[in-house]
Amino acid sequence: MRKTSIAAMIMAAAMVGGACGSSKKAADTTPVTSAPAPETTVAASPETTAVPSPVTTAAASAETTTLSKATPADSAAAAAGPTTVGASGEGPIVIGAAIDLTGNMAPFDGPALVAAQVTIKKINAAGGVLGRQLELKFIDTKLDPAATKAAAVDLITTSKANVLLTTCDVDFATPAIQEGIKAGLLTVAPCIGTDQMGPSRFGAAGKLAFSMGNLAQDEGAVLAEYAIEKGYKTAIVVPDNLLVYFQNVCSAFTKRFEEKGGKVVSKSGFTSFDHSVDNLPTVVTGAGAADVIALCTFPPDITAAVKGIRDAGVKTPIFSPWSGDGTFWIPPGLTDFTYSTFASVFGDDPSADVNALIKAMTDAGKAPGTGGFITGAAAIEAIAAAITKAGSTDGAKLAAEFEKFSGLDTTSGKISFSPDLHTVFGREYRIMTFSNGKAKFQKLMAASSPAKLP
Amino acid sequence: MLVLLAGGLSTVFSQSVQLKFHNAFVITAMVVCVYVSSGNSGVISFGHVSFVAIGAFAAGLFSMKAQQKGAVFNDLFPFIKDNHLGNLATLILAAALGGLYALVVGIALVRLNGLSAGIATFAVLGITRNVLRNWTKVGPGAKSIPGVEETTGLTQALMALILCIVVAYIYQRSAAGRRLRATREDAIAAQGVGIRIYRERLIAFTLSGAMAGFVGAVYVHFLGSVSTDQVYLDLTFLVLAMLVVGGVDSLWGATLGGLSISFINTLLSEGEKGLSLFRQKFTLPTSSSGIILAALMAIVLLTRPKGLANGREFGLRGFRRRDSI
Amino acid sequence: MRYVQYFIDAVALGSLYSLVALGIGLIFGVMRLINLAQGELLMVGGYTLFATNGWSVFVRVPLVLLVIVGLALLMERAFRRLRSAAPATMLVMTFAVSFLLRSIAQKRWSAQGKSMNIFSGLSHAFTVGQLRIRYVTLVSIAVGGVLLLGVNLFLNRTDIGLQMRAVASDRRIAQALGVRTNRVVVTAFALSGVLATAALLLFVPQRPTVTPDFGLQIAIVALIGVVVGGMDRLAPATFGGFSIGFANSMVFSLLPTGQRVFLDSVLYGLVIIVLLLRPQGLFQRERQTTRV
Amino acid sequence: MTERPGSLHATALSRTYAGVRALEGVTITVRRHEVIGLIGPNGAGKSTLVNLLSGFDFPTSGSVMLEGFDITTWSAHRRVRSGLVRTFQHGHAFPGLTARENIEVAALGTGAARGVAARRATELLELMGLADHSNAEAATLPHGDERLLGVARALATMPKFVLLDEPAAGLNEDEISAFADIIKLVRDERNAGILLIEHNVPLVLGVCDRIHVLDQGETLAEGSPTEIRNHPAVADAYLGATAG
């Protein structure tokens, strides 16, 4: 009896302590964001971004001074007075990122975040946006829905974020996206690949939501057009039913391949994680002969899929979207495996800017694993461009600018949005091919248009 | 009184920390739901998150505006696609569907014991998730349900938890609850005095299913959205761990387990962001909170195998060693 | 012919899972413990293989064996205090250990998969007529058979095996008769480590990417198999593991293309039906009515 | 003998376990207001017979009738609700519940309201001399008290027939004579039929109206205490071995 009470008391103390601690933290942070002097630029304060940021962002050195100034009196004053300095155009422009640094999206969100930090540093060094510095604050959501929502709220209310970045999976990002668009903020996901970012999922308020990823309909189209260009006439299409993105890429491939005179001889997929991947060799060999296999899935099951197909003696070229990027999953000696991606991480990217960015990240000890990192840079560049054009950080105005982007030049190439499509289309893809386990850049290629799916 | 408490909490804590409280209350309510069945019967169910999922999806789909629903989820059966319900109605619907589903599942499965029961209920969870994710006539497919009205505030979350605790308390004090607890103590003796194990378990299973459906609806009205992976394995393991760490055989244990793990989890993730505590500043490394939480759970289990509550129960005059059955 | 190929595929998957099931069944038999963390033995072994990619197999195989058996023994230490705790407590304890190890792996290697490369050629196929058989399938069946036989011989013919069975049937009485329970349980865990190593080495040619969830994915399926097969004895547990893998593959092949997304539903439905019809296990003789 | 209302009647009961015969063609009747003793050496099939009568096991052949109804395939709890209850050789008290709760829950099991259950518990605790222990957990009771609690718990279901499985094991002589009075009380005041399985021969001979002797799964003898005492085969098989 006594023991329980003690345990309960400790627990209660822990709760209160935790909560007080964090509320105190919130109070401590306030002066950081409301630092009155415009020249006091703070980026990536460890207060909210405890993760040792791999890249020293512009004004990280300012954090200690700001911290030491944060006396209780300051906090009280800050709490009492209006703290909307950021919105008034005086302080830094805050970009809040509610992203995953722990769970299954961390391999995508992490590199995008690092690229965003490098880009912010570059922009700040060049004088910022509208004369204001950019400041990135991030919170790890661990893909937990409640934590995702709380992270977004924390960034919006405590950090006074002007723009919100979310994780790269639309379903796990939804709690944060909804908080962002509800607060009237431009809400951007670095690398969601479906057309779900925007009004098609979130209704009218979804006008504020965008993704810097490549639209699945566009990516499927480019893969099909490349296949046609290679002279392939017949295709076996193998979608992974797990994600809408995979289904859409493979459907778009089918659509465009047939539009261009190709013939899809079989379309039969599997589902990641339900252990059906080991059946793929039979599915593929049973489909008969074809010139190309379009495989839309991701690690870990893509390894078993590709290796299974090759080990079964099938030498047909395999085409994959960005989800097949990276060396980490490649079985040894992989040959005739082609994928489309944002950037080559194998040192042979045709763009000097991209290679410079990769170098900056590698120097910081965070070499990217796939080309998806570039979307973090693109997000910052697009946001900066929109703020410059709109002369404001107002979400609706920024969204209007985003919808007008047509061929906007970014490190990731020229990007376009439309009122209907809030995910990038028309970007030039890097077509990459693995031969004998080595990846090689083939060509830059943009889709003539996104394929239309029913 | 509750409103005052909630109001008090909301003035003291920042908005994002309040959301963690919301979440703690709702998740703890789920633990209490599982307790009603598993705690009283002694048969662990891995399937209760199915009922949470059913409740959450039903409430989510029916609280979406018909127009948006038609645009995003065009395949739905017309009666799902074209109808819209108010917040309260979705809570009732979710409880009804959760109870009905639990009844159907229970009719087949409550006859099973031990691990067979565990695996069978786990299979129900797998089926529920698979169907909701792939049968686009009844669910949103591999997409989240967006735009659910966020009507679960701090007060509502706390009320939902208290409601669940009260229902659980009334049930376990009722004749039916006492009969079920007798079967947990000694199944053979219970049969020997005429207790129908099957019937008693089915009552508890259905009741807890209805409660779980209700909590699922509260959950979706808190999150504002839901997807199948958010009400699947991770949540199942979390809720069960909370139940066992708190103490599976008492309502107090279930409540204590849910609240304490939630709050430690919050503390740790705040710690990753940087946390001032007793004038000391702590910063935990990224992604370390899961490691610490798992280690703490293991330590609690090793030092208190019967859970934090160690069999103690809520009582009117403080905590008693064990309340009447 | 198509159906024969389906059958071969199903046998292939079944034989892989039977190896994992054997390990789970052994620990359950001796300790009445469902070890959810059994999969993490495979996961940690997988990362060991990843870290030693390119080394000689003569170094890697003993090293992986050492790591996995070492981890199995550590787990035994962690579970030791809970030997007489309630089953739910033990289960959640193994879950906590599994969660701990997965969290560490996630922090150390991130959720991004890592490619392992050992005995890669084993998953190549040879053809008999139109039929395609992977070498790894034959090896799995052979290894599975030999290990099942070996463990059974060990249990039936050696002193420690006999003690193990005594502990399995009633630990208190065994203890009272002077059986050194700790030694027996430690041996069982070490043995389960050996079995996990064998399973891992045969999984890798076919599933060469290790993620933090790599082991959990496999262990859950194998565990379901063990319960369905009948967990009280080793052979039924192993055949249970085989059956679940076999059914997983067979159901997929037999479902119409458009319905294959419902694989999990059909499979879990079958599991429920089997449990309702034979709660004691598919391959278990009927239990005597509970004696009162 | 034909089945009559007011009796529990088993006809030609047999039970085979995996080829081994545990019980073979046993016919037995217990009437209301009557105590039948069931004796026999270890392994004679006494427990099997009780299990078959109470629904904890089912016969390979033969039937069980309760007051005119064929209850052969009825579940245990259904039999309890129809007035046929048993106790257990090894106590099987609900270990975490108090003595009072053990009795109350039995009453609740047969559908009594909580107030009624509480009243019954008070009465039965009094009757069994357990009133002092009413709030002690069953697991902490001495062996003898645990047996008595088992009987009290059975009586809380308001049975017409009670099968007592070695209720006196662990009782001392004073307690045994008190227990004999309780059995008679149950028979006389509650008008119940009682089947008493017991090794304690003086108790059986003293309290039973008739005695049924099993040996190796078959009926060896049946009759009044006097008849059984003088039955040569019984003396050989059983009485001689233990009573001597």
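When the chains are written out, they are named A, B, C and D in that same order, and each has its own residue count from 1.
One rule holds in what follows: a residue touches a chain if its C-beta (ideal position, glycine included) is under 8 Å from a C-beta of that chain, and two chains touch if they have at least 3 such contacts.
Note that the coordinates shown come from a computational prediction; the quantities given were computed from them, not determined experimentally.
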Any chain in contact with chain A as well as chain C: B
Label of the chain whose CA centroid is most distant from the centroid of chain A: D
Chain closest to the middle, measuring from C-alpha centroids that were averaged per chain: B
Chain centre separation (chain B, chain C; CA means) in Å: 30
Where chain B and chain D are represented by their mean Cα positions, the distance between them in whole Å: 44
Whole-Å gap between the CA centroids of chain A and chain D: 73
Residue numbers of chain D (touch at least two other chains): 56, 88, 92
Chain B: positions in contact with at least two other chains: 134, 188, 286-287, 290
Residue numbers of chain A (touch at least two other chains): 102, 106, 241
Chain B to chain D touching residues, read off their complex: 175, 178-179, 181-182, 185-186, 188-197, 322, 324-325
Touching residues (chain side chain B, partner chain A) in the complex: 12-17, 19-23, 65, 68, 71-72, 134, 141-144, 146-147, 222-227, 229-230, 256, 259-260, 263-264, 266-267, 269-278, 283-284, 286-287, 289-290, 308-310, 312, 319, 321
Residue ranges of chain A touching chain B (in the complex, touch as defined): 1, 3-5, 7-8, 11, 14-15, 17-26, 28, 46-52, 101-102, 106, 139-140, 142, 145-147, 149-151, 153-154, 157-158, 170-172, 174-175, 177-179, 196, 200-203, 205, 241-244, 247
Chain D - residues contacting chain B, complex: 54-56, 75-81, 85-88, 92-98, 101, 104-106, 108-110, 113-114, 117, 153-154, 156-157
For the chain C and chain B complex, residues of the former touching the latter: 34, 78, 81-82, 85-89, 91-93, 95-97, 99-100, 103-104, 106-107, 223-224, 227-228, 231, 261-265, 267-269, 271-272, 275-276, 279, 290, 292
